[in-house]
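These notes open a run of structures that come right after.
In the two complexes below, chain A is the common chain; its partner is chain B in one and chain C in the other.
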Partner chain A sequence: MNTASSPSSVARADAPRSSGSAGPRLDGPVPDVTLPLRFVLFGIFSLVSGIVMLVARPDLLAAYHYNQHIVAITHVFVLGFLLSIVSGAMYQLVPIVLETPLHSERLARWHFVVHVVSVTGMVAMFWVWNMKQLGHFGSGLALGAALFSWNIIRTLLRVRGWTVVSFGIASVLFWLGSVVIAGLALAAAKSTYELNESSGVNPLLAATLNGLRAAQSFLARFEPLAVMHSHAHLGVLGVFILVTCTIAYRLVPMFVIGEMQNPRRAWTSLWLINAGTAATFLAVLNQSPLKPVAGLISASGLLLYGLELHAIIRNRRRKTLDWGIRMFLTSQSLLGVLVLLGLGLSRPGIPLTPFSGQLETTYGFLAILGVAGLAILGMLYKIVPFLVWFAAYSRQIGRTRTPALHEMYSTRLQILGGGSWLAGLAVTIAGILASHPACIRAGTLLLAASLVTFAFNIARILGHLVHPQLQPIAPRVPASGGPLRTTT
Partner chain B sequence: MNPNPTEPSPTTPPPSESALWEALRSVIDPEIGLNLVDLGLIYDLHIEGGQVRVTMTVTTPGCPMVQSLTFGVETAVLAVEGVDGVLVDVVHEPPWNPDMILPEARAAAGIR
Partner chain C sequence: MAADVIHLDARGLEPPQPMIRIVEALEALPAGAELHARTDRNPVHLHPFLAERGFLGNSTAAPDHEYGFLTIIRRAG
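What follows is the complex of A and B.
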């Protein structure tokens, strides 16, 4: 047997062993669970905040989306909800996937502080449309993204050779950097600069201002709406959809007991999504007639991803899919609808009418809360129970009976929540297309109801940290058959 | 207790093999809900006096549960009478596959 690269552990009967749930950490690549958990909880808080804002102001989705409040709420979802959870999940999963410890947990904790302050400030400044302060908070977000990227890149560099997953993660980091720079440039372009050069100017400040003015004059060449839409595509396609595909290639086979069916297809899908992201960004920015070509490149990558995911599911060994995976797969089906809508909207010469404007809003809403949002809600039912189980029970395993992950929450509530989320998406989209605020409010209330069920389940899962459910190990009849080998 | 874990205790009888297997059956994979023995994750059990060496694997390289499971194996084995020390080796060769699950357990867990 090959043990060359495998961990081994030695324990003695007379060595002290913690029995408390808050005992010393287990050695290994997994970071302290409080690190990903804090990102996840901030992400859930942001999701709830965003939905509450939509319930309170359904009129915002009933009109064209180019206004400060919709931009603010969009950033609650993409930065507060999606990016927070993606960051937390990456801190948890990258060391596991790559089988190497995170470069620095301390940096990750600083990232969290910077991220929360920056996102909160950015949303507030979008709401009041203060571009100068937005730029300051946006710079904070960029600092957080840099800390995150540095940490993950240093972790990636410890691993020899590239896998499809490490390639996907590196790609996501590249697009994350790109979308943050694009966002800062957007804020710079919308600001005004005054400098009293007669009173002696700090050279660093002067250089910074010159850079900001240069960004402003460069972006002035493009149509403002096209700049915003290209920035949005970088974030949604290059970061959130790409990270979903990458993580799915690793986690879905693990959860359904299966394996990747065609690595070449998986590699090609990620290359095409990367190429499609670059092409879409440039085509949308330049309002190019080649937008459909860029869209087709992205669509072909996503089609290959869908085929691979389908093959993994078809060849799985676990007969029944749990509801977390079903929610995730449903979100990936919605990705197909999103691609078709995107291709339709990419056709050149579509006039900007109230209805085509609402189709664009639908496209963004479906991407953020339909595809990425539902995918994350599904995966949270896998990630949060694991994090809490690890904190509450990892030192009890083998000593007492510990609950299975699916026993830590109510499956009935989970199904109810998944169903009401889908119903909420459908009703809200109908309201958006009809520009009907009452219908939008009904839909967002369904989304809020879904979040209530989700909150109950999350509270129930977190309750295991306070009241672990331990039972004595019951004597059992051994199954027939047996181990591979026993030597004495 | 034997102060030197590399030598068998002169006074304590060696642990019973069946007791060790039974103890290992108390370690449950929380994602799949099966114990490690029925899952086929325990490859080898070597007993030398009071020293036990467990060679095991996980369902996938990079399994997030690996630390918990090895800790559980250590805890369960150390609780068996006569065990002075335990060494747990995690290996990835041969790679685990679902065919290694005991047939009855496979049916109970809904795995084909």
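What follows is the complex of A and C.
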């Protein structure tokens, strides 16, 4: 028996594993594709909602960010957009990466319901600044996060040994739990409590109220802005940037046909980002002069990540980079700008002036919509077509001709959307720095225009679920010189 | 007598093309023959379909110092 093709000297980083239809995993590890898709669609809806709010109220970004409306819009983006898509992507990718089924799809479906209700309620309560009801909806979000973490942890525990990716996922879950607890504590600290203790009080209620009061008095030791900023760093760095790095270590080699080049470097990068997240949280919370040190720890982890990503791209086997990957890589280069800005802002003794306040707003805006947002938009062009293709066409393989993924949407619109997103980021940031509402509106309109192209493409992709484009399969050509060879 | 072996190299293709190539090749697989398919990644989406369409398959890391995975597939029964 002959071997099939020309040998390659490329080393394989994956540990040898075996899987098969004759083995115990007859149903395969792949979850129902509608599960991640519903999180993705709610995420896109939230992104559109947030941008529409900014177009309607550009004045909010022209002033300092510590106000209820900016906090509400920020949570539209971080919970409605980013966390929804991260959750959906995890439910899709974790079983595939670990080659084991998700612990419970039913729990994940409950997570979706709880998540949507909680995020919607939280945003509304931020907008009207009702801290009591915010705490209730926030508790719902915490329940959803707990369901999500339980599901993913149980799935992780099915696999022996740790890889870079499973370590990254576990770290993200830890920081997700931390940021949710910190957020609930923040809401508790801003509430007032009244309890008529003279007329028989339910002991559970009394204990809960005492706990909330304790959280309130503990957080009263810290400066309110510092508490909010430390909470924000936990979420953005510990959850969204760390998850981006982790998923990139898996998806980028898959999409460019390559391998992780230096696993030790990848491990070190994630350890440093974890350490940097903890150090940044503590330093920001305590307004410590050691903030630059914490920033440098995070920056060194992100630098190693950038070096590894560059090495993966440089050694890829597919020479052409499609536009989804290009958008993702552009977002990761913006990460470098973000790190420099963060290090600059971490210098002790910077007075809070109108300009330094707008620099802080720029920092948050760039992190959420520049780095995490663009990364997700790029990856969605890889993930959504695949999910829809799988739902619409996978049963037809070999029986009819199915469309290629890039045929499911317009590449021209994708390029136009990516360009207008970058232009929108640049113009909005210029408006933020100049505290110029008209400029901010122009920038957010460019972001909205980008989303129109994105929505058009997503609608076109989803249209395949309703109207599959099936064509008769071409007559089979005898294999000679092609990828098929026969031996005995 | 050794079984006929069809070799398919589906490396370098973006998902889901490897799965399409493999399933299309299986549609024409003669009785008693085996398909030896090479892919860059473990084809986790493929195995449920193999079972559904009456095939048995097993994927392992390529055994001959090449990159990727080797999936050996034959008709069940």
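Note that in this section the second predicted complex is superposed on the first by the 449 of 488 C-alpha atoms of A that agree within 3 Å, B and C clash if a C-alpha of one lies under 4 Å from a C-alpha of the other, contacts with A are read in each partner's own complex, and residues count from 1 in each chain.
The working rule: a residue touches a chain if its C-beta (ideal position, glycine included) is under 8 Å from a C-beta of that chain, and two chains touch if they have at least 3 such contacts.
Everything quoted here is computed from the prediction, not taken from an experiment.
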item	value
First (chain B), second (chain C), both or neither touched by A:319	first
First, second, both or neither for A:403, with chain B first and chain C second	first
Touching partner for A:358 - first (chain B), second (chain C), both, neither	neither
First, second, both or neither for A:420, with chain B first and chain C second	neither
First, second, both or neither for A:394, with chain B first and chain C second	both
Doubly contacted chain A residues - partners chain C and chain B	1-3, 5, 7-8, 10-12, 14, 17, 26-28, 30, 96, 99, 254-255, 257, 317-318, 386, 389-390, 394, 397-399, 402, 404-405, 473, 476, 479, 483-488
Residues of chain A touching chain C in the complex	1-5, 7-8, 10-12, 14-23, 25-30, 96, 99, 254-255, 257, 259, 317-318, 386, 389-390, 394, 397-399, 402, 404-405, 473, 476, 479, 483-488
Chain B residues touching chain A - in the complex, by the definition given at the top	1, 5, 14, 17, 21-23, 25-28, 30-33, 37-38, 40, 42-48, 50, 55, 59-64, 66-76, 78-79, 83-94, 98, 102-105, 109-112
Chain C residues touching chain A - in the complex, by the definition given at the top	2-12, 14-17, 19-21, 23-28, 36, 38, 40-42, 44-45, 47-51, 55-62, 64-68, 71
Residues of chain A that touch chain B when the two form their complex	1-3, 5-14, 17, 26-28, 30, 92-93, 96-99, 253-255, 257, 317-320, 386, 389-390, 393-395, 397-399, 401-406, 473, 476, 478-488
